[in-house]
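Two complexes are shown next, each including chain A; its partner changes from chain B in the first to chain C in the second.
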Partner chain A sequence: MSERMSRRKVFGLGAAGVAAAGAGAIAARSLVQEPPVAHATTSDPFPFYGEHQAGIVTPAQDRLHFVAFDVTTGSRAELVDLLQEWTAAAARLTQGKEAGSFGAAGGSPEAAPDDTGEALGLPASGLTLTIGFGPSLFDRRFGLAARRPPALADLPKFPGERLIPELSGGDLCVQACAHDPQVAVHAIRNLARIGFGKVSVRWSQLGFGRTSSTSRAQVTPRNLMGFKDGTNNMKLEDAALLRDQLWAAAPDGADWMAGGTYLVTRKIRMTIETWDRTSLREQEEIFGRDKVKGAPVGKQNEFDPVDLAAMKPDAHVRLAHPSGHGNAHLLRRGYNYVDGSDGLGRLDAGLFFIAYQRDPRKQFVPIQMALARTDPLNEYIKHISSGLFACPPGVRDAGDYWGRGLFG
Partner chain B sequence: MSERMSRRKVFGLGAAGVAAAGAGAIAARSLVQEPPVAHATTSDPFPFYGEHQAGIVTPAQDRLHFVAFDVTTGSRAELVDLLQEWTAAAARLTQGKEAGSFGAAGGSPEAAPDDTGEALGLPASGLTLTIGFGPSLFDRRFGLAARRPPALADLPKFPGERLIPELSGGDLCVQACAHDPQVAVHAIRNLARIGFGKVSVRWSQLGFGRTSSTSRAQVTPRNLMGFKDGTNNMKLEDAALLRDQLWAAAPDGADWMAGGTYLVTRKIRMTIETWDRTSLREQEEIFGRDKVKGAPVGKQNEFDPVDLAAMKPDAHVRLAHPSGHGNAHLLRRGYNYVDGSDGLGRLDAGLFFIAYQRDPRKQFVPIQMALARTDPLNEYIKHISSGLFACPPGVRDAGDYWGRGLFG
Partner chain C sequence: MSAITRLTAGALALAALTACAAETPAPGGSAAAKKPDKVAVAASDTECKVAVSEVAAGTSTFAITNGGSKVTEFYVYAPGDRVMAEVENIVPGLTRELIAELPAGTYETACKPGMVGKGIRNPLKVTGEHKALNTDAKLAEATASYKRYVKSQSDTLLVKTQEFVDAVKAGQIDKAKELFPVSRTYWERIEPVAEIFGDLDPAIDAREADLAEGEEWTGFHKIEKDLWITKDVSEDGPVADKLIADVKTIVAKANAAELTPLNLANGAKELLDEVATGKITGEEDIWSHTDLWDFDANLQGSKAAVQALRPVLEERAPDLVRTLDAKFAAAEAELGKHQKGDGWRLHDELSEAELKSLSDVINALAEPISEIAPIVAK
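The block that comes next holds the complex of A and B.
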């Protein structure tokens, strides 16, 4: 480990993407694949091929379109065909090309275009596409039951959650992140188009977060409660931590997942109108941080070390802190959402929480159980959707495809 | 008129914002207020005070949050108080400040903050806030019936529309446009917060369109059918046209609306999955334009003059063309939307159509009636929400407020 740490220093990068499996060649490629800092321009594409999927340690883009699909075909061969078609399309889309040849070649007038066209002329905009496989994919339909990873264990029921079944779960998911929502939407929409007759959209969520053009002014983005969110996120420059807590490895019990990771999504509706009438003191005590600066209780600045003892026992930061959960971290990558209004005079708004981790049983589950039981924030939030997905390792090259290790 | 045209040329600007009422001083101020070209940076604020409201001829920002409110107080005095409070907040928000003093001054710990905080540290991001008054505001509650403008006549029923009443209408609306959705959402959310107990959110819509960082690559943005949308929009550099067809004037029948304009919104759901399986030939014949370039039928380039006779009689461009409606133009300012999925395996997506005009009876209504009757595009779209609002003239200075001419 110290060897890899020093290699990282040799590369001169305080960097994300220093990967699990060993050899120097692979580590070097990973460093090239996943830039550790924000893009120079929002137009530069991220590489599609690599040891890990992009969109996980990739610096969070501004916009999200997340979709969960139900597989409607019962044919394993058709599903594999689809994953191959999707992979080819994703390799093109993430590089700023159309899903098919339509834009460049014009297209046959008698056929439906093989790209829907709304991103013609737009650059890649930092698009990443990240696929995941839900627990329901491992039922009897496709003969995958024996290959279900132990870490893909169904989440327990959490106190207070009010999950809407139609907005939860899914056989497959794709996370599209980009600096331009039109580009993210275009990618998801074309994957759905390609999947016509084999998959159908189960649920879908748009989100927004930081804005690249302005993110220099606001390093840690704020959630819709007005607090900085992500100050104590998993540190992408900590290679040992990523290896221990982000990337799955063969000994975890599913060799096809080595280099992959597990994704938990939670749609967390906020009753922002009630929150907005809560005093500043109560808001800050609930979070355990100062609202303007984000400094933890008793400290001056956002990144000062937290003093848990100075906080109320049920402060959010204290309840979620790794020290209370066997040093369990999460790589959070959530986005704010507003879905219009709720018909009761309120905005339908909140956080679409996204967390990547090596094993939800040891990470998301204990942390969320502690929060669900005692976090006073629960008075202002409600979990209404939940998703759990195994995100396979990256696609190595043009001969590989999403999930080949699982189906091959 | 030729005088004003030449003055415009003297100013050297092919410009928006050349205003209705006469004197040179006013015309010059308008030119200063509303930059004719995209911002140098996305951080520069647009002026709030002026003859016209911003957000109308302002070059379209990237993101939209549109909200319609019901007034829940029966007190005219309370409503006027609210409009004054909103105006003061809007003057601050559009300049990149918080809605109240919270951010700068910290705020009393025992009170709820007078700003919700999620835009702390973000720049103005080109935010504009534009208010409108719906027909229902002119019922008996506030004694305004006699002041209802003739041009604010209820829209007729259009063939094929499937309006959802709860997503339509509204006593008041506010259009927030910005380059950053967090900034647009923050503004609407704070107006709703300030209005607590006096108004409630009736419906609300997020939208996206062009992206400033990429708009140089795609001058005319594309709708979710993949076609360029807005090629033949009202020309902002045509001062005579704006005076004739955009800005209301005192002789129109409501003197308090002079310098204002009328807004029609339509939420147009697209069945994009069906559209995506339609041949390129049929798609292009329906629109009357080439999909890749946007060139009209028989022409080579997007901005070539249209040859209506070369198109099918029911091509969209031909049906909507001003020549068929007494030379009626609309200033369109719509945004694409995706609201997740519809529970039937499809994306819930389309166009949130926004059009400003001097008199909907002579502009939107005849154009939409022609489209609703015969446009083959109707097979792929459905109007599900409708809004009609009188947008008063701009706020002149800090002593003025939104709607003073109506209530004063």
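The block that comes next holds the complex of A and C.
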């Protein structure tokens, strides 16, 4: 099988309902730089190359597999090699191709296949792969301490958090989003496999049911508490706001981060059972929104302007509102998660919160500090994992790789 | 922390009734018993001799003398273990008086040597004229009844916290460790009321993880860590002083607070949520592992609030009352399996399966308790 052969070409797409000719056209188009668009179908690929990494303002897909790695090699050269290998694999995987050049069945019968094979026959499914570098990567091991961006400052301890160290942090992270969970898991599994010996998986998280819209073409989804989440999220259509609040620029203190952004993850366990026996009035007062429509207190429709004064002083929406934090916005991109049940028969579930921003010190930190101190929602939630990563700008072309600006 | 503070205060306007409706003496010549000046109660470690088995409707005064060797308590229960009146912390050799306002009906008295279990019970009949309460008056009586409970609990909270604080300041680590779960019992029973007063609750009960960087940590759990982990309380004098001062403030505020029936309904639910969220998991008393003391106290506090509302619920939702009785009994029975001496097994001695059974009975109870608020608000 040729290296250029995509899964969709090899196996056809009868099941996905896309004509073979169309599939070829899309594959060709995807190599061209173009702004992300809201996709008409769930199988189309997003472009991999571009000014910014995909998976940030691209319309949020429905599924997530997020992974954090510890770098186990002490060699800077090995780390750079890995980033180059990963970049090449990501460029293929996001276009619906197999991880390696031989694929699941194209190599020697005596060799283990260089793709694990569980995504054979599936379309690209909107897969995006987004990499980030954690604060711990900037220690002495790789000579990066002087290149640590000021905005990648360790998060403070927030009141009430119960972080599990083994589920937090990491030298590197990769966010895989797709419309099909099998495709997202396939991508992370193959990247982890490529990394064996150089990196070790620290923790990972599956998510379903995106809890934010990142495009006005999308309806606002609901979190597991049954409320619409992310109504006032930054959207890819808000060009000026994104420039101001999302994308880092060279004058921010790290020139290699220009066009990149900073990622904060928080795994937020919900005590679903106690929430479910809370009265509707209290639930709506806590959020400051109508449960069914998502309308703010005193208003009729979801997108009606928020009247903060009409809400309880500690309503969630009010506490998080940009007006209380120097107009600080976050691009939220979270997912619901259910990790089965805990040993007590309680749903082990909640929100895997993901937020991108230009500077966490001015955006996530003050907002979360206000919420951690006074949000009545804290009675029903607990932050158990935390991650902070610098996501470099996009990969420009096949000669470029993730993090070249940092290591090159 | 509780959301009880968020409840719409005054959602139910209450007539400023006191609970003295039944104070009219029984008509002379009726079958009603004559009201003695005081009803003597002789309590020991094994007996609870109440001088009479019948009193007249209205106010009765009980004088309880503890002739035993264990600290005891005395209760008057209406059906369903609704606390009509109680006095806590009667130390050996002391006599304490209890004034109870009892409408006609059948009751039980109970002494609780060692302050555990169902106690030594005796029937008590109350006869005579009893002015029927209308519904609003029943709601008013519910809050008045619960306020009496808060009063009795907070009185003892002060006594026990003082003993705890004294032991800490005297560097008596073993004694302080014994007193830690006991003083917390009275706190945990009335915590939803305490939580109304904003910052005082965290000052008294914050866990280390509740704080932001640089915030001062005070209260029970700071001392808990020093007792069990650092094993050095020599620096804790100021923390101990602040704890008793904060407890005094909150007790004064709790007793002055105007409660609504919705406060009671939601407080009962909040207490079980506390169990489900923090006690079952062992997060509350992460060093001492005395979570089951708190668990039991939360359960009792929840029951006290529900039972204060019982006359209203009997009228409006008798089926729910039967469900609540059954679920409370099941929860108490499950918890009772872990009783150990005058206290409880430690959280880290319980198996996953035992914790799951406890979690199940709490969920089974909390669901019907969450139905009380809309019934009360009707």
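One rule holds in what follows: the second predicted complex is superposed on the first by the 359 of 408 C-alpha atoms of A that agree within 3 Å, B and C clash if a C-alpha of one lies under 4 Å from a C-alpha of the other, contacts with A are read in each partner's own complex, and residues count from 1 in each chain.
Here is the rule we go by: contacts are C-beta pairs under 8 Å (C-beta built on N, C-alpha and C of every residue); 3 or more make two chains touch, one makes a residue touch a chain.
Here the structure is a predicted model, which is why all the values come from computation and not from measurement.
**Q** Looking at A:Asn378, would you say it contacts chain B, chain C, both, or neither? Reply first, second, both or neither.
**A** second
**Q** Which partner does A:Asp154 contact after superposing on A: first (chain B), second (chain C), both, neither?
**A** neither
**Q** First (chain B), second (chain C), both or neither: which does A:Gly343 touch?
**A** Once the two structures are laid over each other on A, A:Gly343 reaches both partners.
**Q** Just checking: does A:Val201 make contact with chain B only, chain C only, both, or neither of them? Give me first, second, both or neither.
**A** Once the two structures are laid over each other on A, A:Val201 reaches chain B alone.
**Q** Could you say whether A:Arg162 touches chain B, chain C, both of them, or neither, answering first, second, both or neither?
**A** It touches chain C, and chain B stays clear.
**Q** Between chain B (first) and chain C (second), which does A:Pro123 come into contact with in this model arrangement: first, second, both, or neither?
**A** It touches chain B, and chain C stays clear.
**Q** Name the contact category of A:Arg277: first (chain B only), second (chain C only), both, or neither.
**A** both
**Q** Who contacts more of chain A, chain B or chain C?
**A** B
**Q** On chain A, which stretch or stretches are contacted by chain B in one complex as well as by chain C in the other?
**A** After superposing on chain A, chain A residues 273, 277-279, 281, 343, 345-346 contact both chain B and chain C.
**Q** Over in the complex, which chain A residues touch chain C? Could you list them?
**A** Going through chain A, the ones touching chain C are 156-162, 271, 273-274, 277-279, 281-282, 285-286, 312, 343-346, 369, 372-373, 376, 378-379.
**Q** Mind listing the chain B positions that touch chain A in their complex?
**A** 41-43, 65, 67, 70, 72, 102-103, 106-113, 115-123, 125, 166, 179-182, 185, 188-189, 192-193, 196, 200-206, 208-209, 211-214, 217-218, 221-227, 272-273, 276-281, 283-284, 291-292, 336, 338-341, 343, 345-349
**Q** Which part of chain C faces chain A closely enough to touch in the complex?
**A** Going by the criterion above, the answer is residues 1-3, 6-8, 209-213, 215, 269, 273, 276-277, 280-281, 283, 352, 355-356, 359-360, 363, 366-367, 369-370, 373-374.
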